[in-house]
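What follows is subunit A paired twice: with subunit B in the first complex and subunit C in the second.
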Partner chain A sequence: MSAALISLRVLGPAGLIGLSICLLHLGFALLGPVFVLSDPAAQNAQVMLKAPSVAHWFGTDRLGRDMFARTILGGREAMFIATLSTFFAMLWGGILGVFLGLVGRWPDAVLMRVIDAMMSIPWVLMVMLFIAIFGTGMASLIPVLSFSYGLSVVYLARAATLSFVAEDFIWAAKARGHSPLHIVTTELLPNVQTSLAVQGAMQWSWIFLGVSSLSFLGMGVMPPTPDWGQMIADGRGVMQLAPWVVFWPMLALSSLVIGVNLFVDALARNFGIDRALPLQKYIAT
Partner chain B sequence: MSTPPPFLAVDALTVRVTSNSKSGKVILDGITLAVDQGSALGIAGESGSGKSTLLLAMMGVLREGLMQTSGDLHLQGEKILGLGDDALCTARRGTLAFIAQNTSTALTPNHKISTQMDEALRLNTPLPKPQRNDRATDLLNQVMLPDAVAILAKYPHELSGGQAQRVAIAMALASNPKCLMMDEPTTGLDVTTQATILDLLIHLQKTMGLGLICVSHDLGVLAKLCTQIGVMQAGKLVELGPKAQLLGHPKHDYTKTLLAAVPRLSTPIPPPKAARGPEVLRVSNLSLSYKSAQKRGWPWQKAKPHFALKNAGFMLHQAEVLAIVGESGSGKSTLLRAIAGMADWQQGSISYMGPKGQSIALGPLKSRRLSDLAAVQMIFQNPQSSLNPKQSVLQILAQPLRLYFPQTLSDLAARAAALCASVRLDTSYLPRFPPQLSGGERQRIAIARALCAKPKILLCDEVTTALDVSVQATVLALLRDVTVQEQSAILFVSHDLAVVRMIADRIIVMKNGEIVEMGSVAEICETPKHAYTKNLLAAVLDTNM
Partner chain C sequence: MLGMVAQRLGWAVFTMVIIALAVFLGLEAMPGDACTVHLGRGASDAALATCRARLNLSDPALYRFFTWAQHLLTEFDLGNSVQRGKPITEIVSWRLRNTIILAGTATALGVPLAIVLGVLTGIYRDSVLDVSVSAFSMFLMTIPEFISGTLLIFIFAIGLGWTSGIVTLSYKAPFWDMMVVSFLPAVTLSFILVAHIARMTRASMIEAMQSDFVLMARLKNVPRRQIIWRHALPNALLPTISVIGLTVAWLLGGVVIVESVFNYPGLGRLAVNAVSDQDLPLVQAIALLFGAIYTLVNLSADLLSITLNPKLRGQRQ
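Right, the complex of A and B next:
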């Protein structure tokens, strides 16, 4: 117990704030349905665009839906999509990146140029094309997000692998006669896993933001499921009249992304990982 | 009557690691010394003794995270520790100039030498541009770089290590300093290059009246360069005195042990082993070439191959230590890597003696059977990179045990403990991780890992180069024992003939991929035949007075 407390202290104040925000969001997402009793999709023409009150803590939107219920429950689907997409992006990107870093030569040269070309396509464009063909929904969002965000994971995993393949302990294992699989699992992965884990957590926050952006554009999470991006899009027309309609989803969305970033930054600092990896220049795309 | 203050005076200087509590770790502990203008002071010590921190402090710099807690430091009567950057530059201009340890990183890789020399001159002298060019040429001539104009037009990577070090010295001379501050000025250079750089420094000191303050782990370098030598241990200056007294009649116990551990050419050669065992490794006519890296031309033009090994051939006998000596680029490491299967050769053959005395040919790594792999084990130069930092000692030792002896899984811990004992480490080391061990302990673990396989042949690639001298002696003794107890033969690659003398039975001297001379230790060290061998021997620095 005390060991856990000591390891929390190394996160520093910013990291602890980030962790608390993340835990708060996690709690709302998991326990939301338990304590939010009103239906987030229930419309009520009697109470359209009402300011926060005892009956509706966060006010109501233009269809009279309860903003409190919608805000608490509005992150669940996007978080779920982001989590699964991150998992698959790390999986395929990690495996391919480590493979290319180890093998090198022509597979590396050819595939990395293909990935370069893919990365030059803005992800939103790629996703919109995909959704135009297959329609939206989790079944199409998760594969396409995993694919487009996995491209940068290939870069990261390859760079992390390259920084270790020339080390003597890898050579020593080769010279002893271990199989390539053994070398990857026992010699390489323990060394690259921390930087991959940190990057995975960052990846999650980007994908989450991506899902919210898609929802804002009307291509992500579809009504009646509440979603923050969708709520902001929905309320932006009446923003001057009823600011709470966009305030709560914006607060929730930005606090989650900031929280994750603060926490992961502190983790990275603690592990001694330089986050300014080659990946950085691809974030903007 | 007041005497003028010494050029540089350090008075009971104590430096600690900055920490919230009062007792930060002491890095420099009450150092007192004085340097007169034009004199040469050497500071010796092992890694972590604080010698580099002291050198930097004498230049007015404390590394991030360190603080001065007491004492004083005066340069020509002026306090320099704690001065701001600009004031410090002014104080040092024309007085102190620094030469960094690693010239390959001290010179900016993407500027020509002319640009870098010009910058040094612009910052330190009021000369206008045309005169600066002349001065740069003068300076390069002063450090005995013959074709100064050609050198100025080059980039740092086009220079050899010795040339780069000369350029660094020339840049340090740009401000007409009174004293050169040097941190391991010749570490990393070949022995023959080291000798010429040291000669140059001595020449500069004599002709220009230049003072030298030099920090090194190598007492031989200091003995050649300096008149005064100080010895540091754990932040304390344990002994300081004139060279002859300190090296000839050391007072402090630490100085004595340090001197005793220094390998030298004058120690008697251990008697050769009586009987030569059967042959365990035969390398014949081995040639290995790379495509030249600096290929210029069209894709269809063939690149000229660069030969790393040319017709190398020798035999290694059971329980024998055969040393391969040469400078960088001599092909000695390539030879070792070829035998270990890590480099593919074009011509020649390598074979070893199998369990029934039959000769088994060794091919590329993938063609080798598990028993072949176990028979040849390699120990690397730097244990920091040859041991996986994320594995405990037990896990490190378990890897080859599991691979070569899968049936002994049950008594893995016992086997690992026995291996630890064979390199004189107790079982408390098993759960530890490499970053928690000292350099010598790490190298012992690396040796234990190689011994796991009960190898017939141990390949040692500069295994003591990254270690302190006192640790080096114990590792050499350990390897010597291995040949007796395990009857393993050792192929010991080194650049240092003095080290080789302590361990080898026979010596091979290599140059440019060829074996130029081969013979017993006595033959090579006492009656060398080849001119290159004589050069190598002459370049070995001795601490005897």
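Right, the complex of A and C next:
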């Protein structure tokens, strides 16, 4: 896999554009606090809803906050939450999916029906149900998002495992008397790691959009931490007077998700994985 | 075929029971209950006790589940809202109608367009139309609803002044008024719907056009138009039906956000309000309703594809 990543040529022009957008966003997210000197939460009644100028490159919002600082720093917390949630979702979903794929029989039948039923509640409502109990904040968002997005990972990991359990090399490993854990780590994982990486990246972009949507609804990243979804919700009422208040966060958020999608599409095409995998399981049956 | 229908019906009932159990008992396992959520952390013991007595929270969980399920099944009674002091069924029914209007308009707008686009891009594969449609649908699939909705308000309400962007109607407004205001939110919702269904229809159209029976028809010198409409299309549309059913899950998730963007008085916005009012029974009821809608739509899609599939129609299993 690392060899495939080194030769960037395989990504094609769209993939390279996507990768550059991702790297640019990563750079802003990591280095933002170094070169953004003004406080993104500082209010200033003197400069409310001012158009972009030399003093405020991206203009100011209805509380006189500097849109440049807020836009540059506005993706950090959502990205952080999305990264940790993706990690935990892939972890528990992956372990359970591989386990169910290997064990089969009644645990598989029962748990998959339960997961099926859970997935019929839209993720927003499931997350909102938890938020109603635990309140917002990172400590409740990360477990909740990991749980609800992990459900589809169970499907993927189980499907990936099932496509290999009948292969000869798995039988050979079983015949050699290897333990199931050994078979999973040395035989199964090397075969599914590329598709796992692509799925992980897709999950990341979905969870990131989820966090931003929750912030838009006022249940995700809470003020004073700036966040793009929250900035759009906040600026919507004044966008007739000051379109830049919603323009910059929209540009930042859209470019990030489009960048991730272009990059993942190119990767998936290169590895020969169908990106629309979550739906594939329904079509197969 | 009857066996398959019975199996699907059984699965739907089973799914509903699991959803109800998960929504009800899953929350039992959590620390706190509807009253601690409603009254907050600083609530006095006396206030908690009165609230629990009002909601009968002191009975055992399983007993409460069965009485609650019994009320639901016999008299469509979903219990009472903590915050609003009214029966949930009464609060929910009008908004359910509004959400169905919204989702129905979105489906009516989106599905025909998606099928036409999918079939065309599938037939004229790799043409300019195909490349531009798939690029555009990737764009539609990745942009979240709150951005596309805000953009639509900006263009059509603020820029062109064709509609009022934000819905100001009461939730009890007459059906036709609701239909009219649901147009812009429905367009927003249909974006993702169109993108997904067009993509799937394209894939199954390509598969059908490469199948043996289409090759056979071409060898028999059947006119191309007839090959597409009579031979390929019916076969390509069959898997699309179940995809449409499943895309409803996306649609329902999107409803929550789109309704908030447009201030549309439906179930989704009610859910958001219920979370900020910390009205747990109401959030539970809405989650259950969404699960039920999803299950019903998928059940109908399954039954429809069973009846439309001649291979399954004859089977006795």
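Heads up, the rule we're going with is that the second predicted complex is superposed on the first by the 271 of 285 C-alpha atoms of A that agree within 3 Å, B and C clash if a C-alpha of one lies under 4 Å from a C-alpha of the other, contacts with A are read in each partner's own complex, and residues count from 1 in each chain.
As a convention for this text, a residue touches a chain if its C-beta (ideal position, glycine included) is under 8 Å from a C-beta of that chain, and two chains touch if they have at least 3 such contacts.
Computed from a prediction, not measured in an experiment: that's the story for all the values here.
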A:M138 contacts which: subunit B (first), subunit C (second), both, neither? neither
Where does A:W171 make contact in the superposed view: on subunit B (first), on subunit C (second), on both, or on neither? first
Can you tell me whether subunit B or subunit C touches more residues on subunit A? C
State whether A:L129 touches subunit B only (first), subunit C only (second), both chains, or neither. second
In the superposed arrangement, does A:A41 touch subunit B (first), subunit C (second), both or neither? neither
For A:M112, is the partner it touches subunit B (first), subunit C (second), both, or none of the two (neither)? neither
Go through the superposed model and pick first if A:L49 touches only subunit B, second if only subunit C, both, or neither. neither
Identify the partner contact of A:L63: answer first if only subunit B is touched, second if only subunit C is, both if each is, neither if none is. neither
Can you list the residues on subunit A that touch subunit C in the complex? 113-114, 116-126, 128-129, 131-134, 205, 209, 212-213, 216-219, 229, 232-233, 236, 239-240, 243, 246, 250, 253-254, 257-258, 261, 265, 276, 279, 282-283
Which of the residues in subunit A end up touching subunit B in this complex? 167-169, 171-178, 186-187, 190-191
So, in the complex, the side of subunit B touching subunit A is made of residues 340-342, 365, 368, 370, 373-374, 377-378, 380-382, 385-391, 395, 399-400, 403, 449, 453
In the complex, go through subunit C and note every residue touching subunit A. 14-16, 18-19, 22-23, 27, 30, 32, 37, 138-139, 141-147, 150-151, 153-154, 158, 196, 199-200, 239, 242-243, 246, 249, 252-253, 255-257, 260-261, 268, 271-272, 274-276, 278-280, 283-284, 286-287, 290-291, 294-295, 298
